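First chain written, first letter: the chains are A, B, C and D, and each begins at residue 1.
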């Protein structure tokens, strides 16, 4: 398995075409794109840390060797639990995405669906997929996933769009592979990964065969352009003389891009679904249930730990940590954190082999969906309390650069001191600012699908007939 | 194991001194006390039902035979899971208490604590306890638990009370046993059980030895008086010519009593703790964590199923089940149901052997506490939506007796008909009334301890130092 | 104006055909129907009380004399404010409906609509209406209102129903009047009022002329049958030897009935709309906006005062009123109370003359709607806190009859004593039970229309174009 | 009254010592400090706009002329209503602070308190104050207010602090004036105003006379240093080539500073309270109640309009505005908006003369407090829905500079087009980002005092005895 240094070295050989803020930038030179690389390096590092071995790695049934859990197909309930624990751990350690998380979940979804296609259709997708997977595992590559299409006119199906490119689709099938066009938006971390696995954004129907396509592309393949997100946080990272003045110094906010595919050639050995519309529903559903447990659930539990820890520090630094209303709010943050965690744990332990006979494991749908829903609302509550406990200071604080400005440092040190020094208070306030005035609120809302998607899933998954029968039974209504 | 008929027969031999509505009543003749007996009989019945065997029974390590899970001391994670499933199942089937639930949880708490006392103090409490447990298992007795003392002046400790009887305590120690005085309030189901296990309401301190007492008493032991609760539902059951006109015909609302101990003699073989104040904290804490998973969590999930089922029926009977806002509300009820369930599942699967080496299993504290907290709030939300979907009718409906009144039946049939007959609509509305205008809101709030108790537990159980360290680590604050 | 005694006397002459619990009952003998009479008597009494004169009465422009505000057509903002204050005051004093509230709001809605019809159509409805109003004012009659039709198949319009009677409608037009059939459900207090004013439940369309009918009927007119609601509270009132043992001794829960019209003849002078479908939308909209301010808003503010007062008493009686979490919860109840009150105040003060030139005043729609919505959710929150502060005792308490039972009184007195006597604690617990385990939760949800109705109104009333323009202006988007 | 141009001209003569991001900056050159100036200029402009005359101006009883309402002391309920309307209007027009709002509210608080001091103590503070006020009115000066002290050790009173400078205080009293030291934090807009009025942060006690001081200072008076807040938004404004690419192009986020007073001399005619500790409680309480109505309440209603408008636009641009869940969410945002507005309206119309006989009007305390509390929670809810409706795009969108980048423009235009052009969609998404990933969440939480301060005020202001009496009366408990 790669060390962090080896990962960094491997990035040097790449040359992705990245635009950010209207200009082309170099992956390893731009301060914002570097947060993605740095986060990935840290994940490699965690995988080498023996205390995290069980969480961050697993023994592959394909190579017989220990591989990154980001590349492992779950073989048991224990694997599902460790997968969720990995999401929790990396969030605690990064305060941003494990940018290999979507990749891991698309790989897990593809494992079962390709297995089923081969079984039912006599294709060789699964064989290809396993071969590709072994390549990833043997080279310990970082894989990101790309799921969300731009979608164009919301009231129209993919094939009805004026511009078909608003959904990724096959424009040419050749003997050696396919050519694809389109884009994926809100894509997390492809720029800093060796590979990106692409799956359809939703279930496709007959007649939409060209849009039913799943495949893998290497970073910076010809025809791929990455257009990075740009936010106030991008600007601040650009202008700040040292990352230590930023809210999340090393790893920043979550960085995404719009990943454009302009006639990208994909050889057949990297194509895992092509035209089999009847399997796209299962593919996206399996991705969703896994991702809602991990990204929707456990990941935000790790963020909650950071926010709770920072709020408690801010309260202690201000000297108010024993005020009953502060204790009440910290307790409420804990309540939300533990409820989200419980949903994620339940999703893992109530997981099951799916498809039957495949040996692959998927989490429970219902618990995965409520994990995400509980997080979606709960995260805003947690931010709210952080904003309350953090005080006005979390948004009105001066730059920490003033601490080094001879004309203002004495003022700042004097006036921001409380039960702790001004330096500590400003530092933790900046960290809180990163959360309660940052991108994660809206991001949490939509990561792993909008809350409405979970609601629809919950309603569809629930056996209302059974509940009606129970009520009738007690009420004395004969069937 | 007893059949329902055998249980009923065994009740005939008892003669508990019960008062209800200001008068003495006979357990098997009063319509309200009979709901407790009927509920217990149903639980015996469920234990005989093969499809529920794994949930309702377990093989006792003491008798080597299959026993009611209400009398089983959990020996594994699986036992904890099945214990929670039993709470869920009996709630679905009864729409009220499994009146043996508190008993089961006090027995489980006593198992570990008596084991520890024998190990640490050289007592023989555990030996006594196991002997008593085998007696229960061999005779398949219904056991209730009694926990909450009246408490008198809230600002004073037990030994400081003007009237010491506001906490159950030992008034005499004799060679053959002890004599106790006091009372337990909000006690569920003792009148319909063969035995009641009594434990202290809270951790006792040195100097409060007399209040540190746990023991078992048979139903109707000399000196015991049961003063039943009295509510509008009691009155309605009294006056109604047939139970079929009631909201929960057979099993009613949850029935409790104030159980008075006036110089009750308890032989030593039924005394399981007497004076060892240092073990009372563990005893109540273990009871609390178990009970919060079961009564606080899983039990209300079963109630939620009934309420959701009834709300869906009410919507269908009115013909509005497809209105988007109805679907949204049903979905929200499902969300709450599943979140509560997830907490309960997590509490069970993250349980552990406690005390180490004892072979006894206890659920996870934190998840048990959030199960209860999520339920406490969530249950009111569910009632709110049931009240919304049920319509004004849920509280303004006429008596179903009008359906048999020749002067009004044609009107009622005509005007309450919608997508279903008036009879069905009134029946399900009455069932909903039982919930959304009933005792369960406040009951759920306080069963297994008030929400404030869970909040204090959550705060105490949380490792804030670890979270602070995580935040400092990312913020760049050196330890 | 009538004294309470005169009102009671006037009731003696009536003989409404009332069924309750499957039997015919006498208005002045049945304990439940008497709560309505008693509540009305109290409202007459309050009108005589000089300290409440400004709230409870107004000078009629038609008689030139002081009349009950229940019979007054608002002539100013001040009238609207006093109208809301009356709702608040009577709720504080009754803990149940002012059963003349719906009547007052239907009269106010009819005033403007009849005025418009005469102006636009050359009818003489307004003249009739004013004549009828003067009759009411001069005789100081209690008037109830009837609005909600049974509705039958929800997906069908009135004229499409299999049984047209599920909407009140005209079956015959005669020279001297009309004959009507149908029913009104969830009707509050008609049994104890001299008159009932009936309006359509919704806007009627062309072709639904027969269903577009508004009129007044005297109590017990031939063809009218009242089928009372029946709840556990009805039963408890029946069996209790003295009202003092009940949760709301004198006035009880809100009592409603299904009011059946079987070929009821209404002379033309009592018909205020008949066939003018185009005015039914305005009629129900004006009723709704007024009623949402009063019943939806201010009324529940009065209930909130009672629940907050009782919760504070329960806390003091238990000796826990200074615990921070109790103070926090009481404060939250106050917050909700004041927010609801603010909405109601705003609805009144931002009211306006409507229709222009009529001299009649109507409250603001939007604020009336948010008053109702804030109450709908807020009331459940308040009940929740009351259930929390009230303790398990609020639902598990014994009957207060035990205090007079020589065999149990000493126990109850001993064990329910805390910082106050058992008698006081049980009394206030019973009062809290009346709220947090009573009918008002669901009742509040639906009184003045279901929350969904308010949401639809809010969305329809909002000028989204203006808000879009404001956003565009700042965002720099040219129109 | 000044035109916007005259205001801008007047700013040219100033030279405040401002630090931002570690460097000294020029008020009129720095892009961030310029947002304050631009916002103020817009407020001057609105005051000249005849359609807003009644809202933005009033006739001064001191000059007899029309003056800015920011400088007007409320003389009536109408003035209070117009004051709240001004807060609403400027928020709609600026999307940030009216930086003269705190100034207006401190002036109003001082008017009454100085009047009382002169009446009770025979001082001439009010005379001085009115003279100063006339000066402001005659010159139409922009006045900001400064309230919040750094506070140092939270558990210590001002006089006990190790460093007394953490509360603004008098260090010298001279014949011609006083010398003050200390700082005010989270100060809004002093840099762009001609004057700043300073009042104590809380009620002072005997022995804290030096901290009981209220006064006015001109912009940039000797000894004053302004240390500006620095956030990611500051950085983005710095690097962006044109403001049109920013979320709130002209007016930005709310900009505050830490305002340092280092031995600042204030002549007696500008001192309005000095040592009279017994009047400091009233001063801060009157400021709080006024500011909670305006900044806590009405101001955020204006922000809500912008966010609702933008969310609706985003939904329309995506083509999903008719989806039931979108309509539901927009409706919920409206509900919150109108509830907040109702509280603010009620605070104004239920205001009263205070102190009696002064002719000055103050809003109602309770409604002002619930306005702020409703806003505090409601604003996060509104942000949450905006984040939901805005979609992931609100945080993952590329820079709009890409629209002008020949290498990416065609991609961005293609892939972000839906029911509207990519340009419009990105523009409104950026505007939403400004809110739902901005500073206003935490800012709204703390502006006009933290929610805990309002809760304490609500509890203290409520007559619980009256509510207890109402409950006792109905429950049948004799007083």
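In the analysis below, a contact is a pair of C-beta atoms (placed from the backbone, for glycine too) under 8 Å apart; a residue touches a chain by one contact, two chains touch by 3 or more.
In this text, all values refer to a predicted model and were calculated from it rather than measured experimentally.
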item	value
Between A-D and C-D, the pair with more C-beta contacts	A-D
Label of the chain whose CA centroid is most distant from the centroid of subunit A	C
Cα-centroid distance, subunit A relative to subunit D, in whole angstrom	38
Distance between chain centroids, defined by C-alpha means - subunit C, subunit D (Å)	41
Touching two or more other chains - residue numbers and ranges from subunit B	325, 328, 455
In the complex with subunit B, residue positions of subunit D that touch it	324-325, 328
Residues of subunit A defined as touching subunit D within the complex	19-24, 148, 150-155, 163, 165-166, 183, 185-186, 225, 227-236, 238-240, 247, 256-258, 260, 318-320, 325, 377, 380-381, 383-384, 387-388, 390-399, 401-402, 404-405, 407-408, 411-412, 414-419, 433, 436-439, 441-443, 445-447, 450-452, 455
Of all residues in subunit D, those that touch subunit C in their complex	92-95, 244, 248-251, 305-310, 312-313, 327-328, 330-331, 334-335, 338-339, 341-343, 345-347, 349-350, 366-367, 369-371, 373-374, 424, 427-428, 430-431, 455, 458-459, 462, 464, 466-477
